[in-house]
Amino acid sequence: MELLPQYIANGLVIGAFYALSALGLTLILGLMRVVNFAHGELYMVGGVMGWWATARLGLDFFSGLLLVAVVLGTFGWLIDRFLIERIRDQGEEPGILLTIGLSIFLANTALLLVGTAPLKIESPLAGGPLFIGPIVLTKARLFAVAVSIALMIITYLVIQKTRLGRAMRATFQDPMAAKLVGIRTANIYAGTFAMGTVIASMAGMLLGSIYSTQVSIGGLVSMKAFVVVILGGMGSFAGAIVGGLLLGLAEALWGGYVATGWVDIIGFILVILTLLFRPYGLFVKRAERA
Amino acid sequence: MKYLTSGISGLMLVSCAAVAAEGAGPVRIGVIQPLTGSVAYNGQAYVRGAKLAVAQRNAQGGINGRQVQLQIEDGQCQPANSVNAAEKLIQRNKVPVLAGAFCSSATAAVMAVAEKYKIPLLSGVSSKADLTEKGMKYFFRSAETDRLMARTFSKILADDLKLKSVAYIGVNDDWGRGGVEDFEKDLNALGVKSVMKEYFDHGTTDFYTLLTKLRALKPDGVFVAAETQDGSILVKQLKEFGIETKVFGVGSWATADFIGLTGEASEGIYAAVPYVSNMKGERNAGFVDSYQKEYKQLPGKYDASGYNAMNILMQAIERAGSDEPEKIRDALYRTDYKAPNGRFQFTEKGEGYGFDTVLVQIQGGKTHVVTQARTEKP
Amino acid sequence: MKIQRTCLSAFMLLAAALPFIVSDQYILHVAIIVMFYAVLATSLNLVVGYVGEFSLGHTAFLGTGAYAAALLSTQAGWPMWATIPAAGVCAAVMGTLIGAITLRLHGPFFVIITLSFSEVLRLIANNWVAVTKGPMGIAGVPQPAFLAQIDTLAGKHFYYAIAWSLLALALYLAYRFVNSNAGRAAVAIRENRYVAQSVGIRPLNYSMMALVLGAFLSGAAGGFYAHYISFVGPEMFRFAFMVTMITMVLIGGKGTLIGPLVGALLVTFLEEYLREAQELRLSLFGLIVIAIVLFMPNGIMGFVSRHREKREQNQASPLNMNVSATNRRSA
């Protein structure tokens, strides 16, 4: 089929975006066992703030991205320290309800502040078609994929190579032991949530430059992120990336060969199948995690 | 515990008693529109137009000396919420007329409520053709139906654009599906082949898969039924994808917002719309002027619908000379409203006709009227 | 147990008296919606409160029931008194299917898989146009014929009576379930799964029972809704509906029978009165949810019963203290 390479290209591009937006969620879900329903809204706030920074404050794309990261990171830290900290030991229900409440609040306050119209974020690169053999892409998309990969690498390095990352991994494996060796677990949790928020919001701004950003997209983004996290395994970094790519490809192929109206269903079916047969993710060998 | 529940129930009783009796004060018009949710953007435009109409009327002394008051509720384009809003407006606020509820499915649900309470309902937006076929006696529609648009413009499109094959793309809701089907039927009757029919979900941001299929099929034209939010992204990606085919569609395509969002990708797109700000018409210039003064932007399709709907209702109330729903309903049948975009009259089924619709092409970031046609009595 | 029964009966009596006191149709409408939600919250409470698993897929049963009733009455011409029970049965079947698959999982996995099922059903409802008419939905679900003859107030009373009966049925069934061996087994599973298994309780059987019962009740409620609103669309499966349900259960207090009632009352009132705040409405709602989670995690009933326990502890002597505390613990 002549269309196959294009479908694969589409799928990989979207997949990279899915992977990026799910990365923040998998860290929070895997490390803190908090089912963060506000994830999509954090993504959306990142996009809206990115628009405000570039369109209203007149910053260029990268400064805007940095601003978004700093502001949203602080916001995430505060959310964890003051809201989630208080319900941390009560199982996952309060976390779910809390983040649902948070998502309703964020979505509607943003609606009040910015309105319902879709907002455009200027990408630093042009949007014209770029032909690579039989495949059509745009420079803006390639740029976004490149930035996504860069962010993933940075996150990986932070987790693996820095002290913070080591402390995070230690807390993940055994919070009690981590406390015993002097790690301030409260700060680690807050830091992890902040990191997840930063990644989500940067993804929001980045993807907002390719599509457009809108106050109402939070819900859909959350759902897709959950799908990816389940596919890849909660807390698994590599899993989020592979899961994202897998979802992107599955959707592109299904949409191409069956019908585009049914595209969203494929993600959920994959989730159901995964949870039935490999609940800890498609790629996780160990059955038991913290 | 008992006291808790009794207390709350007691509150309910007290609050109902607290509804004060309204005297012969202002004339109330109930409005149900989506103010939140995915089509809030367009619902708010409708409300803007409505408020302008009411403000203008009140400045001229209101209706028979009484000021007009809009009671606006958020229906969210959902049948359940719109029904709740309708119940509240009819029972609590005691409005004698209703306008709404934007989406055809919400309007269908509210229609049943209005019929039950015998309150006239006017929809300025819902375009599903069968709404007036349900035998409801209290429902009026001042909007264009997709069937009407299809009938009016298919031949022109087929001839002007020399279409032999068309691909259809629609948003996956009742309006999108209806639009695609109506246009497909008429174009097929003219001998134009349909090569693709695909729907996308509201809120889709990535159309590449759909566009891949589209490009491979190489149709002469692409028909799109989408609103500003999805449509602008689709059109942008169409051009990104390098598709040069002629694009035409229905929806809020010719608005300034849409053009702003799509940028140069909107060049050359055809749109069949019931209203654009640069339509010909003596009253249109005046309307556009006052709208711009008030809101600092050009009016679009939904602003005009709100404006027209309110004026139709207010004129009917004036003709009826009273607040009674029955009299207002009878007066509505005798409507002959001179709008910015033509005249509005109603058939016995409550279907509006006589107004102008236009086929425009976007050139250089502005709408350019290709044809303006009057809708005939169906 | 006795206090529960008294409170529930008192509430139902008050509710029965309401139509005779009030003739404002809007208030009656709100009351009907409150009772509808109370049935949903009670059914959800069976899963969340008594089995102890957080289900986000309950809309699957609601929607199945609503579509079943709508299709049966529009396509097959069944009358309302037949479609509502049939809706309940269809939803119960769906509950068996979904339960068989999802009840093996716990914690966040259960949450996500139930959510996925709801979404799959929503997408099917939205796209299988031949049967469900897709996004156009099924409009004009017929009302019983005699309603056209009587005036609208009496019509409202009729629906009120049906909603009341549904709620009474739901409360009765829930009460019988909770205070039966099956209910006690479910609580045992909730408290400690492994110990329950060690005394011979098969978790899957009892969680399944709770789920199917909950599904039946919400399916019946869905059928009622279809006739009352006369329109059924894919939005019945939407997450927003689920959020309302789960908020009611958690605000009212899960694991109690009165909790869902209180929750339904409060949340419906909150939503209606917050209408006055217009645009701020939903932001406020979000904040309120956060506040409840932080300050009243066991919901209002949990708060009240803890308050009472503390009072009893202060009043009672050390010897009596243990006995009264044990009585309190069943549901």
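When the chains are written out, they are named A, B and C in that same order, and each has its own residue count from 1.
Everything below uses one rule, namely that contacts are C-beta pairs under 8 Å (C-beta built on N, C-alpha and C of every residue); 3 or more make two chains touch, one makes a residue touch a chain.
Everything numeric in this text was worked out from a predicted model, so none of it was measured.
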item	value
Pair sharing more residue contacts (C-beta pairs) when A-B is set against A-C	A-C
Chain located farthest away, centre of chain A as origin (C-alpha)	B
Between chain B and chain A, distance of the C-alpha-averaged centres to the nearest whole Å	36
Approximate Å spacing (C-alpha centroids) for the pair chain A, chain C	33
Of all residues in chain C, the ones touching two or more other chains	127, 279, 282
Chain B: positions in contact with at least two other chains	36, 172, 201
Chain A residues counted as touching two or more neighbouring chains	108, 111, 261, 264
Touch list for chain B against partner chain A, complex	36-38, 40-41, 44, 172, 198-201, 203, 205-206, 208-210, 212-213, 215-216, 228-229, 232-233, 236, 239-242, 257, 260-261
Residues of chain A defined as touching chain B within the complex	2-3, 6-7, 10, 13-14, 108, 111, 115-118, 120, 127-129, 131, 136, 138, 207, 211-212, 214, 216-217, 220, 251-252, 255-256, 259-261, 263-264
Chain A to chain C touching residues, read off their complex	29, 33, 35, 83, 86-87, 90, 92-94, 96-98, 100-109, 111-112, 219, 223, 226-227, 230, 234, 261-262, 264-265, 268-269, 271-272, 275-276, 279
Contact set on chain B toward chain C in their complex	1-2, 4-6, 8-9, 11-13, 15-16, 19, 35-36, 73-74, 78-80, 83-84, 87-88, 90-92, 104-105, 108-109, 112, 116-117, 128, 134, 172-174, 177-178, 201
Sites on chain C touched by chain B in the complex	3, 6-7, 10-11, 14-15, 18, 21-22, 24-27, 29-31, 33, 126-127, 129, 134-137, 139-140, 152, 155, 229-231, 233, 235, 258, 261-262, 265-266, 269, 272, 275, 278-279, 282, 304
